[in-house]
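First the structure, in the form of structure tokens, and then the observations on it.
In this document, chain identifiers A, B, C, D, E and F correspond to the written order of the chains, with residue numbering beginning at 1 in each.
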Amino acid sequence: MSQKSVLVICRKAPYGSSAAREALDIALSGAVFDLQVSLLLLDDAVLQLLPGQNTGLIGEKNLNAMLGALPLYDIDQVYTSLQSLALHGLEAQRLEPSPIALDSIELQALIKRHDMVLTV
Amino acid sequence: MSQKSVLVICRKAPYGSSAAREALDIALSGAVFDLQVSLLLLDDAVLQLLPGQNTGLIGEKNLNAMLGALPLYDIDQVYTSLQSLALHGLEAQRLEPSPIALDSIELQALIKRHDMVLTV
Amino acid sequence: MVQGSMIYTLVVHSAPYQSASAGTALRFARAVLAAGHSIHRVFFYRDGVHNASALVSPPRDEQNIPAQWQQLAQEHDLDMVVCIAAAVRRGVLDAAEAKRYEKANHNLADGFELSGLGQLIEAGLQSDRVITFGGQR
Amino acid sequence: MVQGSMIYTLVVHSAPYQSASAGTALRFARAVLAAGHSIHRVFFYRDGVHNASALVSPPRDEQNIPAQWQQLAQEHDLDMVVCIAAAVRRGVLDAAEAKRYEKANHNLADGFELSGLGQLIEAGLQSDRVITFGGQR
Amino acid sequence: MTLHILNTSPSDRNTFLSCSHALAEEDVLLLIEDGTYWLLPHHRAELARIPARVVALSPDRQARGIEAENLIEVDDAGFVELTVKHERVVSWF
Amino acid sequence: MTLHILNTSPSDRNTFLSCSHALAEEDVLLLIEDGTYWLLPHHRAELARIPARVVALSPDRQARGIEAENLIEVDDAGFVELTVKHERVVSWF
């Protein structure tokens, strides 16, 4: 069997629910099993990339810090859409890790080049 | 203790989750305990009032039929907002049971005249 | 009770992990008690019934919300009621319900009690403030 | 297996009552099998782990989704895996996990198995199609 | 070709917009659960602007009391067929 | 006077709109959890159009990496005080 690729899509903010954390867990699992993993953060999920998150008072782990560890798992690139950045008025270069922002055509191409898509 | 009034607000469609059903259960409970109960269906909850629901194939009970039983519990009036009707392009008189549609001022007044508000 | 103190009822609609509101409700309960107010009842409804599971077992570096409710209840003698209709549908049973439904096991944590929606209505009648913590479909 | 038949993996993210998607997943699984395709695995993740609770006890006039999964699995020898990390956090335990976490009871229904996320990845590799059924925050 | 599945009502504009941006012309959009509310007359014009083909899941539409005029729909077996015909499936919820 | 509590992000326009229609001038809107994303610079202008006073829950804002410029915020004790000062509470989620 040839190496399959998986696109993990998350659309949720980091602490409103466990979605962001559990999307990340899928991405890391895919990487551990030597799949080619891409992480696509759309809509509220771009908020996972806001710097300066300080979760001490709400008793949650800092998800942004966990996203910083993605390169250790050979997930070098995080994607978002121009539309998602515009939704919250964010600039890619001010986010951590800084995502690649795709237009519609590129978004469609990203989906097309993956064998499997898992939305969380 | 004088008779208290409770406003039950639901904003969810009938079958996407159990929210609509469990909002109705609270309203009926309040009525059984002799509270003055008002039911306010906002946003997607107006969709609970669409006639002709046929739930046989999805294995759920017909929620619209259950709403028809509200008068038996002395909950004679269901409220919505003009904004909620406009959201889905619906007319109050074509809905069952037909709700009273409130503008913003009336909505604020409805909230103000209840002792307690429970959102589901 | 301090002067000007109030009586609260809290209604919890979400499970831990499902919505941040499960954690917010717990923080709010602590702050209410710290301010000298009293809590007449915490009522767990909808998916919030999972806050009363004895089997929730988070990793050590994550908060255990059911355990924290239990501890708070013990320290302040809280009345924690879980809607029985919402709970049995979702698989949260005490010994009596387990027997009624012929289940070998039960999982309602100590300190919680299954009862009807009437307990929410009654709590509303007895309280100055009723606050709902929700956050799901 | 009929000619042109496909291998599926289904991923279920929501609990019964939480989202209609719990019911949709079950209907889809039935239709997949009726069409002569095969299901390599049904993987229960996030709040979907509650589909595997042995304690769910709906009123008689409501569908019992966990029981229906069990029946379907028995008829078609389905492999139903529940994400262990998602499950123990939410209070869905088998006997081994109950022992590990020192709980007196366990509640994983027969026919379901707790295992790691690797089982989702492996299923994806073995399947022609992977379909996610979700619907919550 | 990708099958996109949408299960959110028109009140969730954002899920619809993200889904429609991700839809290629040769893709198909399947409306299920509360996604079938997109078939209400009020929402048809916006739905029609989607460049891809749109299909609805009939049991879910019927449950909600929505009329079936001028639309292509499938039953659960047809849902399965759609997943056979498309190389991958993306769920939007 | 009513305290309204909103915990949804600006991507859920509908919850925000319903809440703002229900807000009387003398009411207060408390932003908690993902509702604190309304404090992002991009959303401030729309938030400012609300006729009522707006307050944010500080621990939730800090967790999300949102800056606190020019806004009134409360800690958990302040949240409780707000519920004392208002006759009733309406939660929007």
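Annotations
The working rule: a contact is a pair of C-beta atoms (placed from the backbone, for glycine too) under 8 Å apart; a residue touches a chain by one contact, two chains touch by 3 or more.
Predicted, not measured: the structure shown is a model, and the values here were computed from it.
Taking the definition of touch as given, a chain qualifies here only if it contacts chain C and chain E alike; those chains are A, B, D, F. Common neighbours of chain A and chain C, by the contact definition above: D, F. Greatest Cα centroid separation from chain B: this falls to A.
Farthest from chain E, judged by the mean position of CA atoms in each chain, is C.
Chain A and chain E have Cα centroids separated by 25 Å. Annotation: 34 Å between the Cα-based centres of chain E and chain F.
Among all residues of chain D, those that touch two or more other chains are 13, 17-20, 27, 46, 62, 130, 132, 134-137.
In chain E, the residues that touch at least two other chains are 7, 11, 14, 33-34, 59-60, 88-89, 91, 93.
The multi-chain contact residues of chain A, meaning those touching 2 or more other chains, are 15-18, 43, 58, 60, 87, 116-117, 119.
Interfaces, counted as pairs of touching chains, are A-C, A-D, A-E, A-F, B-C, B-D, B-E, B-F, C-D, C-F, D-E, E-F.
Within the complex formed with chain A, the residues of chain D that make contact are 11, 13, 45-46, 85-86, 116-118, 120-122, 124-125, 130, 132, 134, 136-137. Put simply, chain E touches chain D in their complex at residues 5, 7-8, 32-34, 59-60, 76-77, 79-81, 83-84, 88-89, 91, 93.
Contact residues of chain E toward chain F in the complex are 11-14.
Taken together, the chain A residues at the contact with chain C in this complex read 15-18, 58-61. Contact residues of chain C toward chain F in the complex are 4, 6, 8, 13, 19-21, 24, 27-28, 30-32, 34-35, 37, 129-136.
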